[in-house]
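The following blocks contain the structures, represented as structure tokens.
What follows is subunit A paired twice: with subunit B in the first complex and subunit C in the second.
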Partner chain A sequence: MENRIMERKSPVAMPTAPEQVTRRGDWTVALRYGGEGAGPWLVDLSHGAKWDFQSAALETLTPWGMAIPEKPGQCRFAGGMLCSRLNRTQAIAWHIAGAPPPAPGGEAVTDVSDATMLLALVAVDPTGILEKVTALDFQRPQRPWPFVLQGPVAHVPCRVVHLGPGADGTNALLINCARGYARDMAHALLAAGDEFGLRPAGEQAWNGWVAAMEQSAAA
Partner chain B sequence: MALNLNCPICGPRSGYEFRFGGEDKGPRPAEEGATTALWLAYAHLNRNVAGVQREWWCHKDGCGTWFRVCRDTVTNCEVPTVDTL
Partner chain C sequence: MERLKHLPTLRIAARQPITLRFNGRTLAGCAGDTVATLLYGSGERIFGRSLKYHRPRGLYSLDGECSNAMMTIDGMPNLNAELTPAREGMRVEPQNVMGSLKWDLLGGLDHLAFAMPAGFFYKTLHKPSWLWPRAVKGIRRAAGLGVLHPEARFDQRCDAIYPNVDVCVVGGGPAGLSAALAAAEEGLRVALLEARPRLGGFCDYRVRADAQGKPLHQWAAALADQVRARDNIRVFTDAPVVGAYPDGRVAAFQRGGPEDAFDLRYIEITAAGAVVATGCIERPLLFAHNDRPGVMQMGCAHRLLHTYGIRPAADAVFSVAHDLGLEAAIDLHDQGVTVHCVADARTDGQDPLLIAALEQRGIPLRRGWVAHTAHGRSRLRAVTLGTPAGTFRQRIACELLVASAGLTPLTGLVTMAGGQVKYDPRTGFFLPVRLPPNMQACGRLRGLHDPAALAADGTLAGLRAAEGLGCRPQRKIAAAEAALAAAPGAPRGSKWLAAPGKGAKTFICFDEDGTLKHLHQAMAQGFDVPELIKRFTAIGTGPGQGGIPGHNLPLLVAAGQASPASDPMPTTVRPPLVAAPIAAYAGGRHDMAKRTPMHDAQVAAGGRMERVGEWFRARRFGTDPGAAAEIMAVRTNVGLLDASTLGKFRVFGPDALKALQRVYVGDMARTRPFRTTYAAMCNEDGCVIDDGVVIRTGDNDFYITTSTGRAAQTVEWFRYHTRYDGWDYHIVNLTDAHGVINIAGPNARKVLEAMTADDVANTAFPFAACRDLTLAGGIPARAMRLGFVGELSYELHVPASCMETAWRMAEAAGAPFGIAPFGLEAQNTLRMEKGHVILGSESEQRTVLHDLGLGFLWCRTKPEAKTVGALALRDTADQPGRLKLVGFKMETPGDGPPRDGSPVVNGRIRGYVCTARHSHALGEPVGMALVEEELARGGTRLGIYEDGCGGRLRYGTVAPMPFYDPEGTRMRI
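Let's look at the complex of A and B:
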């Protein structure tokens, strides 16, 4: 019998092929693109694990020892996991950096890694790019980072997390929506960011940005 | 007429992000002793007022929350909650 290997494919299609890739957990992950430079960058993070939590008692759940944020709109980032509170009964958690965590157990959890896509937009002013394709207002009211907004981006229902500033004055937004919109979402964002020089970047650039942000926050 | 609604979680948003959930008819009638006419009225009949009415809305393109607002059907504007409705 033929020995088959499972292949999981990111739904995001960038206009250029990556220069360096790696295999990780049945995914082909783009590590580096040519001409990444200093950004701004659009990074495909769809291969990261993503979980959805739904419960009337979210405050009793502590996945990875992390308490789920108390109020809708609030986020918590620790150990490479970003947890966002969406409403009274729902929260989401994304693995965006570092070693993959174990899957949380319990009936309140659904693995949505293959159902949704995740893009990171890193730029000095990423909201200036995103506001070309959405009416979401990231400036008012002012909120402490990180925070999540939910609404249409390019007419697609999305969750957008503002991670805040990194070490070098750049900021990062994470854009999450259903898998089927991924190709067109990446196309729309690259077109919106064309005048700012937005280009595809790989996971190495993203990991470097996150590590610098964490060091900067700890200092 | 453009409609804007205040989502209790996301704040003011365009009406295009919401789904209309019908008039707020109050609590479901008790099943014991309920007549067919009572159920018909609860399930299908609306007041359809020209003026302020309390309604259910869902922020379907945002946080997914169901909530109630008071809307003036003549001006298509949200109005402060009216407790006497």
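Let's look at the complex of A and C:
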């Protein structure tokens, strides 16, 4: 049998086709959508690698030289990898920007890249959009960014990471749920954000936001 | 009718006319009107007909407290015109009218009221038994509200929000506004919910001056402005609250306008603290024909005048029991309404300033008098007033009777959230005596009335709510307490109940046409508590949610009881507190479902997708309901099934085996590397809850599959049953991570061979084995040889993102054989022929492992106490009287299989058909049934009852299973 071109597909279906795409590995990644404007944006990041870490001794693991956050709810972002502590024995790591990292090894690690979808919501004030789909409280002031909350979004169990405000005060949140719900989740979020002008955006917009945030943090 | 345009309290835009169609006529009003005020302002006095007696009904309240103003608006029935903003071009129709509003053909039912006593529905027309089913159809046609057309579609924009706040204040009157401000000043996030379109509560329409000489509407407006100016207060107007719950959630729904992005919005607020400042509604005055058009509440008349600029009538009589009634009479007089008389049920206690104002205007005040009878039919013509005993009476001709027995506090939220109320003889109110944690009550709800007292009480409640959340406003609390102590306390309330008479047309409940006589009848029959009387008479069960009768019913019951010491007991308040459209609860209507990676491809291939649990799955491809071609393709050739919905998990860690031993009834220690082991999970009762395969992929590493329906609960099931053991094991849900392609049929191996360079020959990859293969293009696949459909079969578990590529590859590899997809219907028949069970189809809640013939899955040598369900299995293994799974064939194959679920009847119901289909392999219908054990012997004749069979049973015979390939050779080729 001849070798076929492997095509890996994101489960997220945006209502419009992207204007510019790129081939990355076996993925076709949307770089830009028409009419992205200044946002708010919904960006599909499902193609990024994701790993699940489970161990009774999570604190001993240092994937990519990064210590796993100590307390449930805490997150750490470095080198394009976002690591979130979910509970006493579990953490997750998502590749959300930059060059793909090597896969971490060890029994505690499971590749869950295809298990879940990942959407980024970028908005100056995402509260109006989020409160239409979830009762999770992202505004409680005492939480330092980034942090992760677990709970229903549009009635679907989700993990939501609030990355905090970027350089221009724009906030970004990452919404992660079972892959099978991807289409309806994107639809629900876009419908919730319709009155606020939420629209699909490509990876360029997302990378721009991440770069600005990193510069801001470095400064 | 000309509107008053000069009033400072007007909330309409008198110069922006709007028109709507009512009952075939065009009526005009102005922006800001509700449908009810527009109709009233246009001279309409009859709004609809009552539920049972078809009595004419008119405007009574303005807050939707009863069904009088329920109408069909733009095709949607049962909308309350009092709460529906009027919009240009609306089509409004009255409800429950046969004929015209004025001449209703069923109006004569009013004279047959004697034939409809309390408990009518429970006692009348039930003997002989055939009578009721026929009678009830006629009754339902004659009685009722609006009719929803089956094909009606409404283009409503529905939405939902779930805000989080620190303090949720319910009620936008003076107390609620003060509470919101006080809490916000402590830096807390506050939400304020108000049922009416405007803030200000009962001060919004009042021109009377407060102690400082400022008109109350101005004072309330100033408070509202302060609230709106605060960034940390979110105000929701036009948002009636439907429920408050002990976990801190407060639910409401909000009506949106053209400028909003929604027409209806469900609001569910999560709040750490709540302040209830819901105020009061009016307690209806009970007298003969108190429901006539032209009788209305004091607040209704007052607001018609001051909020909407409508003089309610040219002349009026007042029969009230509260100072607000005197105030309304003065204001109506000042705006040109002739007030003939004010009867006040109270003999004393009136505000002297109001008495002086009445005297100044020449309005007679009759202390201790009440309305006895309203005269007229479609319009009020006169009213008879008199002393309570009826020793003195006076008939006065008038267009309008403003009637009210006083106020009653809205305590529903308090009791719903777990608080308690008790009757207070001084105020005549049910007052909160115990509040739920983190809930405060304030304002008129607590019996207060004076504006200064309301403000102080609201402030105090807001500060106490803040204190409960960790703030330290002790000084402010002390100041608020002092202000409250200095302000007037709760005034004495009216105890007046009902005018003398039999009460045959004295309506306690407008919605259900429930009268005082009905109440007396119920009590005479031994019903002695409001909860029971409510159910027996239907009083308070209508769409007004008990708003009209809610207070009078318990007072009347207490008064009618033999013991004078009986305290009135309110009926239980349940959500929704106000009638809420179902669409409001539906919110954004996002039907969140899961799709497999092959969803679109299956749709494109003609797949009929169905919702199966949380997933969409293909039932069949094509129009044949029996999916014969798909079945035959698998039996004779090869087919493809998308089985991605199967639960898939990685279980690993030093104690992983212990966890598996706990939840599976089999001995998981016997699992061999890369060999599938069929295993079952039972609950504590030994009932089968799940089945799947377990594969050992490493020393302490396992890959397990579960049924589709159990996947979402599996992780919790493991954790729950190992919660006290402290075992070091972990479980990762990979259900969505892997797509599953099932290649099944005699040619399946040839297809797989074309997809991979790995050796998949029978010797290298035998039945029940598991192999990690690499498909063409480098796609990793975990392949298992299983035989659910009874043929040579491979399950390929591939990364979900690669699934479509792998599927296309299988299609291309199978093209030379004519490979075709098959769906759940084909799979169901194929596995049934093989005698394989699907949990949920061949099992129900009581079905244990042995009932299904799966006892071999239970390892009796495992320590019983350590395996979930093992103890019960020992008891049920030989338990007599259990239902057993059997196969059966039909005696008359030409009639086809019986329907799933048909009862098995041999003298009495003795089981049911689980699954029955036409077997294409056998050429006859076969099925599986759960039957009583004594019927399970081979050859037993089963009588099967099918819905619609007219009592003629169909017959089948118990037959051995599997029906197809009993030796299992085809799976092993």
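Simple rule for what comes next: the second predicted complex is superposed on the first by the 217 of 219 C-alpha atoms of A that agree within 3 Å, B and C clash if a C-alpha of one lies under 4 Å from a C-alpha of the other, contacts with A are read in each partner's own complex, and residues count from 1 in each chain.
By definition in this document, a residue touches a chain if its C-beta (ideal position, glycine included) is under 8 Å from a C-beta of that chain, and two chains touch if they have at least 3 such contacts.
No experiment lies behind these values; they were computed from the predicted model shown.
When the two structures are aligned on the shared chain, A:151 is found in touch with subunit B, with no touch to subunit C. Legend: residue contacts after superposition of the two complexes on their common chain; A:135 is shown touching both subunit B and subunit C. In the superposed model, A:110 lies in contact with subunit C only, and not with subunit B. After overlaying the two complexes on the shared chain, residue contacts for A:11 are found with subunit C alone; subunit B is out of touch.
In the superposed model, A:55 lies in contact with subunit C only, and not with subunit B. For subunit A, the partner that touches more of its residues is C, with subunit B and subunit C as the two candidates.
In the superposition on chain A, A:180 contacts subunit C only, with no contact to subunit B.
In the superposed model, A:188 lies in contact with subunit C only, and not with subunit B. Under the contact criterion defined above, the residues of subunit A that touch both subunit B in one complex and subunit C in the other are 90, 135.
Within the complex formed with subunit A, the subunit B residues making contact are 9-11, 13-14, 16-17, 59-65. On the subunit A side of its complex with subunit B, the touching residues are 72-73, 86-88, 90, 135, 141, 149-152, 157. Residue ranges on subunit A touching subunit C, taken from their complex, read 1-11, 26-27, 47, 52, 54-56, 89-90, 107-108, 110-116, 131-137, 139-140, 154-156, 178-185, 187-188, 191-192, 194-195. The part of subunit C that touches subunit A in the complex is made up of residues 159-164, 189, 261, 268, 270, 588, 590-597, 614-615, 650, 652-653, 698, 700-701, 728, 730-738, 754-757, 776-779, 799-805, 808-809, 813.
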